[in-house]
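By letter and in written order, the chains are A, B, C and D; residue numbering begins at 1 in each of them.
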Amino acid sequence: MSVLLEADAVTRRFGGLTAVNEVTFSVEEGAAVGLIGANGAGKTTLFNCLTGFDKPTSGDVRLRGKSLLKMARHKVVKSGVARTFQIVKPFPDLPVLANVMVPLIAGGTKGDLRVQAMGVLDRVGLAHRAASPSSQLSEGDLKRLEMARALATKPQLLLLDEPFAGLSVAEIGVLSDTIRQLRADGTTLIVVEHKIGSLLQLVERVVAMDQGAVIADGEPQAVMRDPAVVTAYLGGEATTHEQH
Amino acid sequence: MDVLVQGALTSAVIALVALGFSLVYGVGGIVNLAHGSFFMIGAYSAYAMSETGAPLLVSAVVGVLAATLAGVLLERLVITPIRHQEVAVLIATLAVAILVQSGVQFFYGGLERQLPGFVSGAVTVFGVTLQQTRVLAGLVALVTIVTVLLVLTRTPTGRMVRAVAQDEEASRLIGVRPERVTLYVLAIGAGLAGLAGVLTAPYGVLTPTMWLLPLTQAFAIVILGGLGSIPGTVLASVVVGFLDRFVAFNVKDGDIKVGLVTVAVILATLVLRPQGFLGKVAR
Amino acid sequence: MTSTKVAEQPAAPSDGGSGRPSPLKRLLRPNPLILLALPIVLLYLPRFVDNTTLLQQIAVATIFVMFAASWDILSGYTGQVNFGHAAFIGTGAYTVALLSKYQPDVSNELALLAAVGAAALLGLLIGIPCLRLKGPYLALATLSVAGALVQLTFIFKTQTGGEDGIAGVKTVIDGSLTNTIGEGLSKLVLGPLTFSGLGGFDQYIYVSYFVTLVFMVVMVGGLMLLGYGKRGLVLRSIQQDELAAEAAGVPLTRYKLGAFVLSAACAGLAGGLYAQVRGTVALDLLAVDLSLLIIIIAAFGGAGSIIGPAIGAYVVVLLQNYYLDRATDLFVEHPELKIGTFALLLIIVLIVQPRGIVPPLLQRLSGRGSATRAAGATMVEGGGAKP
Amino acid sequence: MENVGLGVVAWVTTARGWYEGEHMLRKKWAVACTVVAMSALAACGESGGDVASDPTTGASAGASAAGSGETFKIGVFGPEQIPQGEDVRDGALLAAKELNAKGEGPQVEIVFCDSEAKPEKAIACITKFAQQDKVQAISGGFSSAETLAILDTVKRAKLPYVSAGAAAPDVVKGVDSTGPGKYIFRIGPVNSLNLAADMCLTVTTKLTKEGFSKFGILHEDAAFALPLVEFLNACLPNPSAATKGAIPAAVKGVELVGTEKHTPAATDFSAQFKSLKDKGADFVIEVNSTQVGIQLGKQWATLKPGFALGGINVSGQSSAYFDVTKAVGELNGPAGIVRAAVSEKTIPFFDAFMAEYKRDPLYNGAATYDGIYALHEAAARAGALDADTLVTELEKTDRVGVSGVEKFNEQHDVIYSATDPKAGLSLLYFQYQADGSKKIVYPESLADGNTYQAPPGVTLP
C-alpha cells in the first residue's frame, strides 16, 4: 500500500507554547487511524495543521508527496483532504440538501447536483431529512450532515474531529456503522476521539499524543497498554471537551 | 504648546465618549451604533431644561440622567431581544440612532441650538488663550475618566465588570449575571456620553446630526485601541486628540484634511493590526 | 459571524419534503410567476396612470431598487455588511458627471461603462483590505471610506463642485441607447400617437421611467439568477460560517472579493444612471444618509433575498417621496418624521421578523405556508410553482 | 380601510386644532403618537391623496380668483426646516397677500413645495409644479446646490423661474434671451463675483481709512466661497487690474497676509486664528454662509485674538445672532439686508414682515418677495400668463424693490446701478454695537452718522 499522507516533523508554536512538537507519522491509503490524547495534548492543532486550517511553524505536510503547506485551504480540500469540526458547523439557515450542495458546487461537480447531493446524504443515512432546515436537526444528524458535507468534496482522506462527542450510545452505534461503510468504500480516515471504546472498533491503528508529541503509535491494544499512554491518561483524562 | 494644551482637552472629551462605547463592547460584545445618540440626548435634554429656565447645573444633571435612561431603555427594549445576532444589533442600533435624530429634529427643528456655558470668557493656560468652557469640559472629563478607571480597577463592582469582559462564561460560574452587568455598563456608558454632550454643548452646536461625529470618533478610537480594551481606549483617545490638533495647527488647511488623516489611520490600523494597539487577538 | 442563529429558529415539525412530487427540483427556485408579475405591472403602469409626478418618483424608486439589490449581493448574501454603499453609488455618479463636464464627446453609454469600471475598481481597492474584516470592523472601514470620498470632493471642489455638485449632466434623453429604449417602450406601451403628442418634459419622464425599469429588471434579474443559483448558495454558505465554507472547499477570497466587486459595479451603474436621470450630482449621492437609508431599506425588505430589498426600496422610497406627503400634511410639515418612522418600523421588524417583510410574504404567496415557515432560507426553501 | 384612514385624518385635524393654543411640545407629542398609526394607513390614503386639498398649498394665500380673470399660480420652493427656507416661503406669501389685497392685475396663488435642502427633492418640486399644480411661474430656491440641480428641469418645463437664493455665478451661465435657458432669471442675491468686487472696494477704500493695513481671509470650505476668495486674492493687492478698471487706478492695493479655511461643520477656529494672528493680520475677512458663522463669531468675541473681523456671515444677519455670540464690533455685509432706507420699499417691507411673522427677514426672504412682485408686474404688463410672454416682459423689468432698483442684464442676472448707492444691497455693511443693535456704517449715505468702531481688543493707529 502506498503512503497517502505524511507529517514530517510538524511543529506549531503559539508564542512560548509549543502545541505540536516535531510530530512525524504517515498514513497509508485505505487506512483508518485513531488519534488520541488528553485535553491540550495538541490533537486539534495537529488536525488543523494537516488540513491547512493552520500553518505549522516548521515541518511539512505532504499528500502523495506533494506539500500542502503552501496551498490555500480550498486547494487542500480540492487535492483530497476533507475534515469535520468537533463543534459542528452546519450552514444553519440552509436546508440539509443545500448544505451538501455547497462543496459539490465549490468542487466544480458537473451534472445534476441535487441527485448527487442526495446520493451523498444517502451514504450517511440522512436522505430523509434532505428538505429540512439544518437548524432543526438533532445532534446526531448534525454530525452526519457534517460528514456528508466533507464527503461531498470527494476526499481521499477524511479527518473526523470527535465525531461521537455529545451523542447518545444509540446514535454512536448508528454513526459507527456509517463510518465503517465509508471505510469499506475506500476512504482513508483519521479520527480524533475521546470515546476510546467506540474508536477502537473503527480503527486498526492508534496514534497517541501528549504535550504536543507522539508518545505511542501502533496496534490499538498495544498502544493502550503503553505505560506512557497510561500515565498521560491518568494524569489528565477529561471526558468530552477539548479546547478548539 | 497650542497643540499640547488643546490636544489634552480634546483627548479628554473624546475619551469620555469612547470609554462607554468600549466598555459596552467589552462586556456585552455589543457594538452600539446608537452610542452617539446618548451624546446628543444629553446635550438636547440639558438644552430643553435650560429653556424652561432651570438652573444650568440642574439642566446638566437632567441631561446626564436622560442619556442614562436612554441607555437603559435601549438595552431592555432593543438589544436584549436580538443580543446574540451581531449584524442585527448593528442595524437595529443604527435604526435607533436615526429614530432619535428624527425625533430631535421633530421637536427642535434642524436649526442649530446653543446651550449657555457655566463659564464664559477666555483664560490663558501655558500661554495659550482658550475659551473657559473648553477648559472646564476638559477638566471635568478628565476627572470623570480617572474616577471611572479607579472604579473599574479598585472596587468589587469594577472587578465584576472586568470579569465579564474577560470571560462571560467563567464569570457566570462565579455567580455574576452578565446580562445585568451589560445593563449597568450600557447605562453608565450612556451617562458618560451624555455628560460629554452636556460639556461640549456650550462651545459646540446642537444639531440633530450631532450624533454621527462622536460615534465615528469613538468607533475609530476603540478600534485603534483594541475593541474592549480600556487602557487601549484611553491611549487611542490621546493619539486621536493630539493628531487632530497637530494636523489642524501644523498642516496647511489642516482643518479640512484632519478627517482624511483620521480615515487613513483607521484604515491602516484595520489592515495592519485589526486587534488595535492593545487589543486582544481579534475575535 | 458565528452560527448563533441556530437557536433563534423555533423548532417546527419537519415536513421532510414528504408528500410532494420531487420537491428537490424546486429547491433553489423562487416562484417565477410572482417575480415576473412585478416588472410587467410596472411596464404597463404608465398606460393607466398618467400622473407623471408619480411616474417620476417610481423611476427614482426603481434606481433605489438597484442600490438596494446591489448592496444585498454583498451584504445580505455574504454577511459583510457594508455601511458605505454610497461610496460606490457616488463614484459611479461622479464618474458620469465628470465625464459629461470635461469630456462631453464621450457617449452616455461609454460614461456608464466608465462608471461601472470606476466603482468596480474602488470595490476591489476596498475589498482587498476588507477581506479580513468582519462585523463592526467592516462597518467602520466602509463608513470611513465613504466619508473620505466626501472630503475628497471638497478638496477637489473646482472639479466636483463641492457642496454644489455638478449640474447639467447629459441626461437619458441625450444617450442614444437610453433614449432608444425609453422611446421604444413608451411607444409600445402608450402607442405612437399618444407619445408624439407629449411635450419634451413628459418625454423626459417617460424615457427615464422605462430606461430605469429596463436597467433594473436586467440588474435585479441577473442578481437573482446569481443569488438563487449555485454561486448564491456558496455566498450564503460564507455568510453562515466562513470556516465551514472553507472546509467545504469554497475559495473564500475569490467569492468575497467577487461579491465586493460585483456589488460595487452594480451600484456604480445605478449611480451613473441616476446621474443621467437627474441631470445633476451632489453630495447626497455620497452622504452617509444614503448609505444608511439603503441599509434600512434592505433590512426592512429582507436582506439576503435580492427581491426583499428590491420591493423594500419601492415601498420605502415611494412612501417617503410621494404617498406619505399625500396621506397627511404631518409629513409635509415634518419630513424628518418619515425616515424616523421607517427606522422605528425597522426596529420592530428586526425584533419580530428578522428576515424582513418580503420573504415571509412571498413564501405565503407561493403557497407554502406553515410547513416551511420555520425554514431559515426563504427563497431556497420557497418555490411551489408548477414546474 | 378607507374609512378608517379618513377617520384618523379627521381626528388628527381636530387634535391639531385643539392643541393650537396649547404649548408647542404638547401638540408635538400628540402628533408624534399618531405617526406610527398614520404611516401604517398611509398606503390607503393614496387614492384620496390627490382629491384632498393638496397639503402643500395649506399655506397658500388668496387662492380664490376673486374678481378679475385668471389666477397667477406661482410655485415657490425651499427648505422649510431652516430659516432661509422659511423666509423664501414667507417672503412669497407676504408678497401674494399684499398683491391680492391691492387687487390690481391677476390674483396670485403661491404653491409652496419643501425641498428639504436636497437636490432630489427640489427637482421633484419642479416636476410637481409643472405637471400637477400647473403653475405658470416659479421662484425661490435656497442653496446653489439645489438651484443648479433644478435648472435643467426648469428648461424642460419651460416655465419662467426667478431665482432668489443662490449667489453662484453658474446659475445664469449660458443664459440669454433666445436659448433654452431664457426662462431663468435671478433677482437676488447678487452674483458672488459682484459681491467680491464690492468687498474689494470697501476694503481698499474704507477699511484702510480706518487704519487697517494687514488683511487675512478666513473662509468656509464651500463651493460658493471659492470664486469669491479667488477674486479677493487677486483684487486686494491689485484692485484696479483685477476689476479691469472698475476700481480706479488711484486706489492702492492692501497687504494680504494669509488665507485660511474651515469646514462648514467646524466648531473650533483657534488654529486658524493663531495662524492669521501670527502673520500679523489686523483685519480678517470672513466668508461663510452656514450656521458655522455663529461659532466663528462667538469664538472670536470670546478669545479676542487681536484682529477685527468682518465680511460675509449669513447667520450674522439673523435676529438671534448677537445674543449667542456677543460679537461686538463685527462688521457684516455685503450680502445682508438691514432695516434702513435702502429704497423706499425697504423699511415698509421689514415692518410688514415683522408684523406678519414676528422676526426679521433674511436676504432670500426679501429676494423672493421681490421675485413675486417682479413676476406679477410682468404678468400685469403683458396681460397674459404664458411662459414666453412672461419671459419677454420680465426682461423689461425696471423696478424699485426692497433691495434697490432692479434690472436684469442680458444674462438675466440682477444688476444695480453702479452710480446710485441706494440702488444696491451689495453696498451695505453694518456693525454690531455693544447693545446688540446693528448700525449701518457703510455706505456713509445710509450710515446716518454712525461710524466704524474698533472692536474690543483691537487698537487702531
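Going forward, a residue touches a chain if its C-beta (ideal position, glycine included) is under 8 Å from a C-beta of that chain, and two chains touch if they have at least 3 such contacts.
Please read all numbers here as calculations on a predicted model, not as lab measurements.
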> Of all the other chains, whose mean CA position lies farthest from subunit D?
Replying inline: A
>> Distance between subunit A and subunit C based on Cα centroids, please, to the nearest Å.
In response: 42
> When the C-alpha atoms of subunit B and subunit D are each averaged to a single point, how far apart are the two points in Å?
Replying inline: 37
> Hey, how far is the Cα centre of subunit B from the one of subunit C, in Å?
Replying inline: 33
> Counting only residues that touch at least 2 other chains, which ones in subunit D make the list?
Replying inline: 32, 81, 221, 263
>> Multi-chain contacts only, two chains or more: what residues does subunit A have there?
In response: none
>> Give me the residue numbers in subunit B that touch at least two other chains, ranges are fine.
In response: 103, 105-106, 110, 256, 259
> Could you list each pair of chains that touch, in label order?
Replying inline: A-C, B-C, B-D, C-D
>> If we count contacts the way the header does, which residues on subunit B are in touch with subunit D in the complex?
In response: 2, 6, 103, 105-107, 109-112, 114, 120-122, 129-131, 203-205, 213, 245, 248-249, 253-256, 259
> Okay, in this complex, where on subunit D does subunit C touch?
Replying inline: 5, 9, 12, 31-32, 34-36, 38-39, 41-46, 49-50, 52, 55-56, 58, 80-81, 114, 116, 118-121, 123-124, 127-128, 130-132, 143-145, 148-149, 151-153, 156-158, 168, 170, 221-224, 226, 263-264
>> Looking at the complex, which residues from subunit B come into contact with subunit C?
In response: 25, 31, 33, 78, 81-82, 84-88, 90-92, 94-96, 98-99, 101-103, 105-106, 110, 208, 212, 216, 219-220, 223, 227, 256-257, 259-260, 262-264, 266-267, 270-271, 274, 282
> If you look only at subunit C, which of its residues touch subunit D in the complex?
Replying inline: 51-53, 56-57, 60, 154, 157-158, 161-165, 167-168, 171, 199-202, 204-205, 278-280, 282-284, 319, 321, 323-338, 340-341, 344-345
>> Could you list, by residue number, the parts of subunit D that touch subunit B in their complex?
In response: 25, 28, 32, 81-83, 221, 260-263, 265-268, 270-272, 274-275, 291, 294-295, 298-299, 302-305, 324
